[in-house]
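Below is a structure I'd like to ask you about.
Labels for the chains are A, B and C, by order of writing; each one numbers its residues from 1.
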Amino acid sequence: MKKWIAGAAMALTAMSGAAFADGHGDYPERPLLLMVSYGAGGATDFQARIVTMTAGNEDALGMPIAILNRPGAGGRVGWNWFATEAEADGYTLGAYNIPHFIAQSIEGGVEYSTESFEPIANWGADPAVFVVPTDSGFQSMADVVAYATENPGGLTFSGAGLFVGHHIAALQLEQAAGVELAYIPNNAGGAGAMRAVIAGEVLGGVNNLSDAFRAQEAGNVRILGVFDLERNDFLPDVPTMIEQGYDIDNASVNFRGVMVPAGTPQEVIDHLAAIVPTMFENGRVASRMEAGGSPMHIMTRDEVLEMWAARQETLEALLADLDN
Amino acid sequence: MTDLPRTQHIIASGLIAAVGVTVAYISFTQEPAQAYLFPRMISSVFAVLAIWTFGKALLGRTKVGNGLSAEAMKNMLPGLIVMLVYVFWAAKALGFYTATTIAVFIVISLYDPAPHGAAKTWIKRIAITAGFMAVMYGLFALLLNVFTPREVFF
Amino acid sequence: MDFIFYMGDVFTPVNFALLLLGTVGGLILGATPGLSPTMAVALLIPFTFQLEPQQGLILLGAAYTSTVAGGAVSAILLKIPGAPANIATTLDGHTMALNGQGAKALQVSFLASAVGGIFGVLLLIFLTPVLAQWALAFGPSHLFWLAILGVTVIGTLDSSSVVKGLLSGCIGLWLATIGFDDIMGAQRFIFHSSLSGGINVIPALIGLFAIPQVITMLTKGRKDSGAEVITVQRHPIGAAFREVFSRLRALSIGTAVGSIIGLIPGVGGQIAGLVAYDQSKKFSSESEKFGKGHPEGVIAAESANNAMVGPSLVPLLTLSIPGSPTAAVLLGGLLIHGIFPGPDLFMNYPAVAWTFIDSMLIGQILMCIFGLFIAGLAAKVARVPHAVMAAIVLALAVFGSYSVQNSMGDVYVMATLGLAMYFLERFGFSAAPLVLGLILGPIAEANFIQGSMIANATVGLGPYFFTGALNWLLIAIVVVSIGYSVWMELRQRRYTTKDDAVAKEESLT
């Protein structure tokens, strides 16, 4: 009998809870979910776990955020689910990766675009870098391009998949250096792509700065260049692509942040947009991110909206050029 | 009745052969070709093996598999219906815990050999259901923090 | 001998309490259908935020060790493997349980797990630098051949008919291609929106094994056949010790195969048990007993899947590359404390690294002790009436497959595959090869495509897939494996009649 009473009580609370959510009086009044479209342990998942760990604090959301992994096909599986099936009630958040989902939506075959999501805040920016094995003969990007010029289409290099940041960086490199390269997308994501480089299966690779930084510290790879406008604090000695004479901007930099599905009530979006950036600024979060070698870059909702629009334009131009 | 398994074998392997051929047809007609390269390789083998099995069944030379007896089908039917309603409708529509409580209770009641007349039987069935649901709630909701659909009830 | 120096750290009160907690919790989570080791470890990560790095890793290491072994409990008693690693355990383990030897099967399985597990951790301690090179040796072409080797096991696995075994495997391989393809991102065979994310292995595993069991229990109807589903004979632990150590061949094949295959990133853990089972069947003088409740089957499978635990951490600890999803989660657990795994991990953080490894060593022994205790309770599980068991397993299957990705789609996929599998089983198909196909499909496909992309850019397809000692070694094993299966099939045909096959089927269901 007790069970029934308890069940009835719980049902009542659930229903009254739903009523509150409609009025947004006490939002959030139960734990939230954050969907990550990459596997547990990957860079996005790992960072998402750190930046959300203080969500339960009274001065933050007051409710914990649980991570939900929906990996597959370079993030398409997760974002498709988020755009079509996730409930726009403010309790289901998603992690975005720019340029990944925008490039995929331009390429087609998916059910989302920038219209499907509402950004809340950005927590990190992880530039792509070019890595080679430690015993490789390549000492600079000029060596790499020289090899590719001699062997058109013969320079194999790995990356995390098609139409993700690494692929965009690879396309930009091909375009800027005017060479043909053999980009090998890896099914096991950034970690798999890095393994291929270390094992010498490919001559080089594009990878996340945070992961490459660790691999370089461990003495497994050498980083030849950063696909960003400025040098990175983690790697002050590594020149950017522009410094090495290739006209490559920051279109491939992997911006990570939190979003909700389009159709989420405006009050909820405003509430989240006000609180989530302060959550990222928490000192404990910053020190953990620093320790994990993950560059932070906090942006508010308005800044992210602007950045999305800018990326949409750049990527449309870049991918249109490729089709010709 | 000896022919029942043979007829069943023909129907079963026929269905599988149909699936195999359909899969092969889809693989060879869809684009982009590179994405379907692997499915083409598999589905060819799939279709050949499925047709072979179908042929063997037609000739009555199937060696393994006992098919289904009428009694087994009659026995499983009520439970199967509860299961289908529970999984494909109730779990989502009523909420996980409500639907599971009802489904567990019905399945236990339907298949428990104890007499339906005695009050003691029903108390036992309710106790088992309640105890099990308490464990499930503790494990999934409290310990593992899984948020299950709760919709109408819970 | 640093690992002995830091052994004391494992036994401080807090650390040892965490070790116990991780072990017992891991066993219970592992034994629950639908909770894979990866999930169990991922779920523990938030707890480690509050702990010291050393303590957090002890908890994670112990949980990893014991969830893998815990999966054997439901595999043996219910024929529902807790994780892909335990599939091979169902083949003989559940048959033993049906023959009344449930307690013996569990004891043997935990003892074999501990032997394999300890060996694996010792390898990790002493041979890490050598093993790291081996882990890197496997490129796309080798992984492709390895997947093909796995496929050759399919035909002879748990099926009285080779053709139907292969057909089951093909169905699995095809199911694996549903959804987005991992490299090109094209959508394939999506007939229903639940399938758009592809078929996740864990819900599929639950459905394919649990639902047929539920329906089989239902077919018994409302018969008053006594409360007991199966009897469990008492079995002294001493006898289990003698049993395990008298079957040295299965034990050593299982341990060796598990250690070697477990090392290979991305593939190892899932198929180590099945490959070890297949190999010890082929090398055994009593190979005809396999599949009919032979303890060697359980020993090989369980020693292999625990032997893989230690070596699977080698790529993570030396190269900072997680070799399995669980290792990836452990990497997160390390990074969160600012510890970068790499060659100098043992120099920079010896107290953390060695205590972690030591705790896995002690964890294996604790896991074995608790496991033997659980084996004593097997009789109680078996005494649950079939009506109650059917209801409980059904509910666990639904909750378990939902909680993998919080997805109703996964529940629908689980139930649909399970229903189909029940009927397929009635017609001589079996679930183990189908799941093996489902696991190997993506590995074979992705590595074939990656390999051919590299090959086309460099040396060409033929030389890429057919040169190098490792390629030829794997090809040779594939050929031998197929040849052996064909030979066995021909030899058996002479005296296998329809009645024999039917008798075997009856004993299985």
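The rule we apply is simple: a residue touches a chain if its C-beta (ideal position, glycine included) is under 8 Å from a C-beta of that chain, and two chains touch if they have at least 3 such contacts.
Remember, predicted model here, so these are calculated numbers, not experimental data.
K.L.:
Which one of the chains is farthest from chain C, going by Cα centres?
P.N.:
Result for max centroid distance from chain C is chain A.
K.L.:
In terms of CA centres, which chain lies closest to the overall middle?
P.N.:
C
K.L.:
Is the number of contacting C-beta pairs greater for A-B or for B-C?
P.N.:
B-C
K.L.:
When the C-alpha atoms of chain A and chain C are each averaged to a single point, how far apart are the two points in Å?
P.N.:
31
K.L.:
So the centre of each chain is just the mean of its C-alpha atoms; given that, what is the distance between chain A and chain B in Å?
P.N.:
38
K.L.:
Distance-wise, how many Å sit between the C-alpha centres of chain B and chain C, to the nearest whole number?
P.N.:
Computed from C-alpha means, the inter-chain centre distance equals 23 Å.
K.L.:
Residues of chain B that touch two or more other chains: which are they?
P.N.:
145, 147
K.L.:
Give me the residues of chain C that touch two or more other chains.
P.N.:
181, 184, 186, 406
K.L.:
Listing for chain A: what residues touch at least two other chains?
P.N.:
Counting only residues that touch two or more other chains, chain A contributes 33.
K.L.:
Which of the residues in chain B come into contact with chain A in the complex?
P.N.:
Residue positions touching the partner: 95, 97-98, 101, 129-130, 133-134, 145, 147, 150, 153-154.
K.L.:
Under the stated contact criterion, what part of chain A meets chain C in this complex?
P.N.:
Residues in contact with chain C: 33, 39-42, 45-46, 49-50, 53, 68-70, 72-74, 76-78, 80-81, 84-85, 104, 107, 109, 153-156, 161-163, 182, 184-188, 191-192, 194-196, 198-202, 214-215, 217-220, 288, 290-293.
K.L.:
Could you pull out which chain B residues touch chain C in their complex?
P.N.:
Residues in contact with chain C: 8-9, 12-13, 16, 20, 23, 26, 30, 32, 34-39, 42-43, 45-46, 49-50, 52-53, 56, 62-68, 71-76, 79-80, 83-84, 86-88, 91-92, 96, 100, 103-105, 107-108, 110-113, 128, 132, 136, 139-140, 144-149.
K.L.:
For a test of understanding, state which residues of chain C touch chain B in their complex under the given definition.
P.N.:
By the definition above, chain C touches chain B via 32, 35, 43, 159-161, 163-164, 166-167, 170-171, 173-174, 177, 181, 184, 186, 188-189, 214-215, 217-225, 385-388, 390-392, 394-396, 398-399, 402-403, 406, 408, 411-412, 415, 423-424, 426-429, 441, 444-445, 448-449, 498, 501-502, 505-506, 509.
K.L.:
What residues on chain A touch chain B, complex-wise?
P.N.:
Checking each residue of chain A against chain B gives 2-4, 7, 10-11, 14, 30-31, 33, 66.
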